[in-house]
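Let me begin by handing over the structure; questions about it come next.
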Amino acid sequence: MKTSFILSAAIAIRDTILNNESTLESLDRAIGDGDHYINMKRGAGAIVDMQAELESLSPDAALNKIGLKLLSTIGGASGPLLASFFMGMAKVLKDNGDESVPTYAAAFAAGVDLIRQRGKADIGEKTMLDVLIPVANQFKALATANANVKEICNALIDTAEQGMLATKGLIATKGRAAGLGERAIGHIDPGAKSCQLMIMTVCQQRLYSEN
Amino acid sequence: MKTSFILSAAIAIRDTILNNESTLESLDRAIGDGDHYINMKRGAGAIVDMQAELESLSPDAALNKIGLKLLSTIGGASGPLLASFFMGMAKVLKDNGDESVPTYAAAFAAGVDLIRQRGKADIGEKTMLDVLIPVANQFKALATANANVKEICNALIDTAEQGMLATKGLIATKGRAAGLGERAIGHIDPGAKSCQLMIMTVCQQRLYSEN
Amino acid sequence: MKKFINKIDDVLVESLSGFASAHSDLVSLNLNPNFLTRKKIATNKVAIISGGGSGHEPLHAGYIGYGMLDAACPGYVFTSPTPDQMLAAATLVHADNGILFIVKNYAGDVMNFEIAAEMLPFANGLPIKSDTVLTSDDCAVVNSTYTTGRRGVAGTVIVEKCVGSLAETGADLPACKALGDKVNSQTASIGVALTSCTVPAAGRPTFDMSDTELEMGVGIHGEPGRRRETMREADAIVRDCVEAIITDLKTRAILTSNTHEALLLINGFGATPLMELYLIYNTALKLFNQHGIKIARSLVGNYTTALDMAGASITLCLLDDEIKQHWDSPVHTAALRWGR
Amino acid sequence: MKKFINKIDDVLVESLSGFASAHSDLVSLNLNPNFLTRKKIATNKVAIISGGGSGHEPLHAGYIGYGMLDAACPGYVFTSPTPDQMLAAATLVHADNGILFIVKNYAGDVMNFEIAAEMLPFANGLPIKSDTVLTSDDCAVVNSTYTTGRRGVAGTVIVEKCVGSLAETGADLPACKALGDKVNSQTASIGVALTSCTVPAAGRPTFDMSDTELEMGVGIHGEPGRRRETMREADAIVRDCVEAIITDLKTRAILTSNTHEALLLINGFGATPLMELYLIYNTALKLFNQHGIKIARSLVGNYTTALDMAGASITLCLLDDEIKQHWDSPVHTAALRWGR
């Protein structure tokens, strides 16, 4: 992975967020406090704004810096969680180099693991983890099975989408929607949606660069 | 005039006020603070509630008591003004007996005069006085001219209506609407409307008892 | 209309009862006629009594207590109280040093308080002296000899605070009246409504206003103001308010020198969040500074409301040493408290 | 959406600047990262730092000052602040005696403060001790091992007041933490919304609600509550709230004896007039009395708001001598002041 890929992915993510304003906003209005879109937009914008600063860094250093930036920019629940993700990823890349698919998978999993620890949450609690954990698991499995980039990307896009949709049927036991009990059922979790969108965007980006 | 007439007139006035809720309310909403109907209803209701107390009194004593009751019941601008009217009337009746039409006309004029003094207002200022002053003047003139009850009542009903309608074209220089300048034009003054309604009601009452 | 009320006829008494219970250390409530006094009647001072229609809370009952009012007479919502209330309140406070009524300049309030003042000497056979300060700080209504004049709005709080402070020192009735008149004349206010209020008994908004309009110069009863305008950004709205205030103070030759100290009150009408009020303050402060006015004292919050109206008013009171001293002095009421 | 704002991105800083100017005798504002401290940094005491999303004004900055907070970190509207804000604030206050964070129990706030606390020892090379009190008074959310638990709402003000008072006496960090936890556990709140709030950046109401509905158990960010119900008279609404509070305190075995003294806080969410809040108080007082609870202290007003939401919350805090003493002690902040 090159830092330039991170930078173009960041731009693509920012655009995806902006294009999904009403979706993200209405999901968080329904079972949260309505600020998830604004939070994500602020975070994504801040990363795009640091392009110059990131360019010259190694991918792990860039990801770490992205994590720190998100930590001081987003706030709310999603801020520290997404920050943890990038910092967890950065650490694995730093320790293991950044050139093999299994390393990427391990890095992704490490990022998700830090979210898990920070949020004291797990799969099935109607959070972003319902997207991230299945994706991390599948990424690892496909990397181990030596799947090619195209297979991996397509699979992760699907898995993210399924995880996101699955949150619809769940009662929340973490985050702001946890107060809602049964009333949360029928609504997709906003954090799950934004993570699904980001995964989709990065995978598509990777697929394009493949062609 | 008998006290019994005052009592039945009070009931008729109360009913008229209740029947004109939306008219009175929307007039005061437009150029005032929206409470004129509530104020009039409260006052009229209080008088009806004191029937037992008033029955045994002479007409002048009853009117004086009505004035005092309105003073402590209505509040706002209309309270002290209407109270003044009844107390002014009562004084003339007390001093002059209560059996001649000219006395009634003088009493009415005295009541209106007290309103004028209390409110420091005159005709043309877009207040209840735009109804009351013309009515008082005409009442006096007709009484002097020995007009009969029917003529007087019909004339006063018309004059009250004209005075009320005339407030529509005026800029207010007294009362709450005085702050509005040109914006008051096109709206009938609520106090003028309620006075016109009350005069009409009493005159009709008198016309029925004539038949 | 959605409000926390039971029967409409009970709103006032239930609310007053709640107020009196919540502040039972400070006030006593009398019902029928309705008035509130300090818990401990103060003696050897001019008694300061105010009152007016309800719906402007914390005005006036919230200002009863040490350093401010001795009693307050609440009328029905937006309806001035009746003379019997003022007489009963006056009879209960210590009146040996006379009574000063502080009355917002509305025909109804003026007349009802006037009648009370006329009846006062006969009320309990004692020759009680009284005088009245009419507050008329609203510069939205341009004064003229043809009108009953300007309305009393949020500046009333400053008058009550300063006069209350002076009365506490044992000053006599003419001195209290003089200070009240001075503070009133040095004060100018203007209000802006973003929504109407809803009188409970009426059950619907006093006026209609679209989502793209505002009412410039609105009264605290929802009376229409100078004009209906297009909604715009806060800075532009505040600028117009500040200009109106400056023009008023200059026209009345109150603001003459190039620099002046002042008290700036940003008052919420009931439904406007503190966040917005402080934003208004931020802009007003800068604009007044540009006019050479140094904001030496501030007050931001809901002090003279119009039920559930969204909107705010800006009040500027030019300070001199006397007014400043009486503004700063200790006060202990439900809504304004410092120094003790 | 009609609000007194300019550019949406500037709302927070403009409002904070206005607040800091209006209370320049009390607070200092630092921008980027955003935090406020007391004007005069207090020494030789545990520093009490709170913070949270904006839109709940006067929470928290309005409670900075003698007897309450040392600093507050405001996030964007309804969004918890970020760790750099807390670190910067902690670095500026006197931290020799340690820092107590008071944090409303929301995932975002908890995590951001947690990270700040973790980073604190490394922030300036000094071994700064810190601890955290999580407030969780909202009994609308039934606690369970499966959830992150109850939300912190208006009871936070009582925790901040009492802990702030204790810290002022020179008590150490564990003592402050213990009092905060105790006050929190003895407190229960529940809120009712009559309208939604509108987040400025969203530009439209967080939820839709018809003219005949209310939201029982709403959160202070407009989070849905226990259930959508039919609008009804105040007494019936208040009765349900009181029952919820009593049930909660009994279920948690906090309310055990037959008689108990308590503090009753009726908190407006931003757009509800004082008149209605006192009416609610009146009913709540009677109902709690019927449950053997004597209301020994009261607070009625907008203390923990949800922008422009019409609605109110009821908070009951069971008092003991220690809590009462710390509630009564002098406090001098923008929004709560007595005794000095």
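Labels for the chains are A, B, C and D, by order of writing; each one numbers its residues from 1.
Definition applied: a residue touches a chain if its C-beta (ideal position, glycine included) is under 8 Å from a C-beta of that chain, and two chains touch if they have at least 3 such contacts.
Bear in mind the structure is a predicted one, so any value in this text is a computation, not a measurement.
Participant: Suppose chain D were not there; which sets of chains would still be joined by touching?
Facilitator: A | B, C
Participant: Taking touch as defined above, what minimum step count separates chain A and chain D?
Facilitator: The fewest steps needed to get from chain A to chain D is 1.
Participant: Tell me which chain's centre, taken as the mean of its C-alpha atoms, is farthest from chain C.
Facilitator: It is A whose centre lies farthest from that of chain C.
Participant: Quick check: how many Å separate the C-alpha centres of chain A and chain B?
Facilitator: A distance of 75 Å separates the two centres.
Participant: Give, as an integer number of Å, the spacing between the C-alpha centres of chain D and chain B.
Facilitator: Comparing mean C-alpha positions, chain D is 55 Å from chain B.
Participant: How many angstrom lie between the CA centroids of chain B and chain C, rounded to a whole number?
Facilitator: 32
Participant: Measure off the straight-line distance from the CA centroid of chain C to the CA centroid of chain D, and report it in whole Å.
Facilitator: Each chain's C-alpha centroid was found; their separation is 30 Å.
Participant: So which bits of chain A are touching at least two other chains?
Facilitator: Touching at least two other chains: none.
Participant: Can you list the residues of chain D that touch 2 or more other chains?
Facilitator: Residues of chain D never touch two or more of the other chains.
Participant: Can you name every chain pair that touches?
Facilitator: Chain-chain contacts present: A-D, B-C, C-D.
Participant: Would you mind writing out the residues of chain C in touch with chain B in their complex?
Facilitator: 33, 53, 75-84, 106-108, 111-112, 114-115, 138, 140-142, 146-149, 151, 199, 201-202, 206-207, 217, 219, 221-225, 227
Participant: Quick one: in the complex, what on chain C touches chain D?
Facilitator: Result: residues 1-7, 11, 14-19, 21-23, 54-55, 57-58, 62, 194-195, 211, 214, 231, 233-235, 237-238, 266, 270-283, 285, 295, 298-300, 302, 305, 307-308, 310, 312, 337-340 of chain C touch chain D.
Participant: Can you check the complex and tell me which residues of chain A touch chain D?
Facilitator: Residue positions touching the partner: 25, 29-35, 37-39, 42, 71-81, 118-120, 172-181, 183.
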